[in-house]
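One chain, chain A, appears in both complexes that follow, with chain B as partner in the first and chain C in the second.
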Partner chain A sequence: MSFWEYANPVKFLALSARVQPFAWGAAAVGIFVGLVWGFFFTPDDFRQGSTIRIIYIHVPSAWIAINAWIMMLIASLIWLVRRHHVSALAAKAAAPVGLVMTVIGLLTGALWGQPMWGTWWAWDPRLTSFLTLFLFYLGYIALWQAIEDPDTAADLTSVLCLVGSVFALMSRYAVLFWNQGLHQGATLSLDKEENISDVFWFPLITSIAGFTLLFIALVLYRTGTEISLRRARALGARLEKEA
Partner chain B sequence: MMPNLGTYAFEVLSSYAATLVLIAGLLIVTLRRGMRARDALRRMEEETARHGKG
Partner chain C sequence: MTALLIRDLRLAFRAGGGFGLGLAFFLILVVLVPFSVGPESALLGTIAPGILWLGALLACLLSLDRLLALDFEDGTLDVLATAPLPLEAALAIKGLAHWITTGLPLVLAAPVLGILLNLPAQGFGWLVVSLALGTPALSMIGCFGAALTVGIKRGGLLMSLLVLPLYVPTLIFGAEAARRGAVGMAVETPLLLLAGISLGSVALLPFAAAAALRMTIR
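Moving on to the complex of A and B:
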């Protein structure tokens, strides 16, 4: 058995149908437990007060916003190198999910920044690269819509995805490249000294797991939608030719 | 049960409300589009089968 056999839409859809019930169920449980635990059963932070509760949605949404683009990058590279249609459609399917998560990250960041920094927005390296990532998501989705031929659209959006990856990585690592700016360093770190306290960490990691599973479930379902649309169009074109 | 959010209640509650609305919207749009696409494919497959027989 090889990973590449899932480039076959039939095999991909069969695997997707097996995985989806688990992914949807586990996502619902993860998000519910993470958010309820974080909102109702964690204390205020000694500096940030009750605004610390925004962490349980801000960090998971930003995590997905960045990693969705990384997933799109991998799928785009597979398309460019191996020409597997399922991978191009998976990248297309992931973009609106990443866009919504980017909007959530920007909104909750502004709502958190106002009371903590005294401003809704600052041209901080991480915030600016995250806003640029949002614009890349818009451009990527618009490019898919603008080009009629699906293979050309997949080629051009894949190139755009490669370029946008710079900003996805910058959103993640900007705080390490530049020391100036308001945004804090990494919330989650392998270094125990740098990490947030366990009382916040456990509900946060539960929420991140829930958001990640939701992303997987949504991308699998949406890729199935794209495959259905592609096949319906192909059948329609064949009928038209025969008529 | 409800934690005391103090002076930051607006920011915290707005963050949660906006997130839940956006995720619910994404789910609704995704499922509606998915159902429409699957219906369209089923119709096309039926039509192709009929056309093949005729």
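Moving on to the complex of A and C:
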């Protein structure tokens, strides 16, 4: 009984079918509790007023946007090394989710920035690196769609994901070169003095957990769809050959 | 390896090889800038390093689809893939040939165009240095992008979408070095980082490009 057993699509689908109800349910509960708690049962921030509540969508979506790419990177590596199709399809399935989360992060950030910083957009290091992440998602998805042969597509997108990760990381540090910018630094770490206060922290963590579970559920679901699609194509090809 | 380099250079310099197209594009782009932002020399001088870097980058990008596509169509790449020479080396040579035919002329032409954009006198040296250090990275990243998309029909636009985000760090450091040079600030840090990106790209990207190419032509 090893982790690699789930490289078998049948086993993967069976496990996915068992896990998915819990993931969807827990995601719904987490997001609902996190958002309702955050929206209606936390005090206003003494400086930001009610706009602080955007944090309960902004931070989780940004968290998923970055971690979705890391998950795609790991899945791509598994595909390149061990050539498990499920892994390649999982990376393909995660990309649009990550793209949407990036857009949500950028939009909520703009909505939050307008009242707080007085501008929708600034060329701040964090904002800029997020925009480049958005471009990387676009390129990755476009490359998947451009290639017909599924194995070649998986190969090439995996290589792009690897190289892209390095360059995305470099862009991340390159933009730090300009200035520190408007965006605040990390304030969610467990060991720092300058954290946000617990009243905001607990609903935020609940919301982040909810978003993460939603991401897991979506990726499982979409990977299942991709597997079915692949099967349908293989069946179609076989029928064509027999006819 | 030398033979391959000479062959690529000869093909590029001959009529129809597209040599000079990138250069002409660079010239036109720079000439269009004053038309779009107005002829105030102070403003032009401020944005000159950035415009020249952006122009060089776009000129580089424009010539990328010729980098491997022709060799892919006539089967040269298949020969190269089965040749005793490692494909990594062949692609590094192709990147070098692209740099000699596109990057180097851009570096040499940039100061002349800098005059058109009223670049401050102290900025010329650093502009040339930053371009000379940065364009090898542009060529090698482009070589990777070309290898990734060579099997795709009408992959030119897709390649731009893939390559441009990869150009971001190079552009940031290169333009920053040129800008700092133009206003007389210290340029060492961005120049060193730029050189680092170039060296890293030249050292590692041939492997990524060869991997991508093998997947396409296997």
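The rule we apply is simple: the second predicted complex is superposed on the first by the 228 of 243 C-alpha atoms of A that agree within 3 Å, B and C clash if a C-alpha of one lies under 4 Å from a C-alpha of the other, contacts with A are read in each partner's own complex, and residues count from 1 in each chain.
Going forward, contacts are C-beta pairs under 8 Å (C-beta built on N, C-alpha and C of every residue); 3 or more make two chains touch, one makes a residue touch a chain.
Remember, it's a predicted structure, so these values are computed and weren't measured experimentally.
Enquirer: Under the stated touch criterion, which partner chain does A:Thr152 make contact with: chain B (first), chain C (second), both, or neither?
Expert: second
Enquirer: Quick check for you: in the superposed arrangement, does A:Thr119 touch first (chain B), second (chain C), both or neither?
Expert: So A:Thr119 meets neither chain B nor chain C here.
Enquirer: Give one of first, second, both or neither to describe whether A:Gly164 is in contact with chain B, with chain C, with both, or with none.
Expert: second
Enquirer: So, A:Ser50: does it touch chain B (first), chain C (second), both, or neither?
Expert: first
Enquirer: Touching A:Thr132, do we find chain B (first), chain C (second), both, or neither?
Expert: Second partner only, chain C.
Enquirer: Looking at the overlay, what does A:Asn8 touch: chain B (first), chain C (second), both, or neither?
Expert: neither
Enquirer: Chain B or chain C: which reaches more residues on chain A?
Expert: The partner with more contacted residues on chain A is B.
Enquirer: Taking the touch rule as given, give the residues of chain C at its contact with chain A in the complex, in rising order.
Expert: Going by the criterion above, the answer is residues 144, 148-149, 151-152, 155, 158, 161-162, 164-166, 168-169, 172-173, 176, 190, 193, 197, 205, 208, 211-212, 215-216.
Enquirer: If we count contacts the way the header does, which residues on chain A are in touch with chain C in the complex?
Expert: Those in contact with chain C are residues 132, 135-136, 138-139, 142-143, 146-147, 152, 155-156, 159-160, 162-164, 167-168, 170-171, 174-175, 177.
Enquirer: Once bound in the complex, which stretches of chain B touch chain A?
Expert: Touch list, chain B to chain A: 1-9, 11-12, 14-16, 18-19, 22-23, 25-27, 29-31, 33-34, 37-38, 40-41, 43-45, 47-48, 51.
Enquirer: Mind pulling up the chain A residues that touch chain B in the complex?
Expert: Result: residues 35, 39-40, 44, 49-51, 53-54, 57-58, 61, 96-97, 100, 103-104, 107-108, 111-112, 114-115, 214, 218, 221-222, 224-226, 228-229, 231-232, 235-236, 238-239, 242 of chain A touch chain B.
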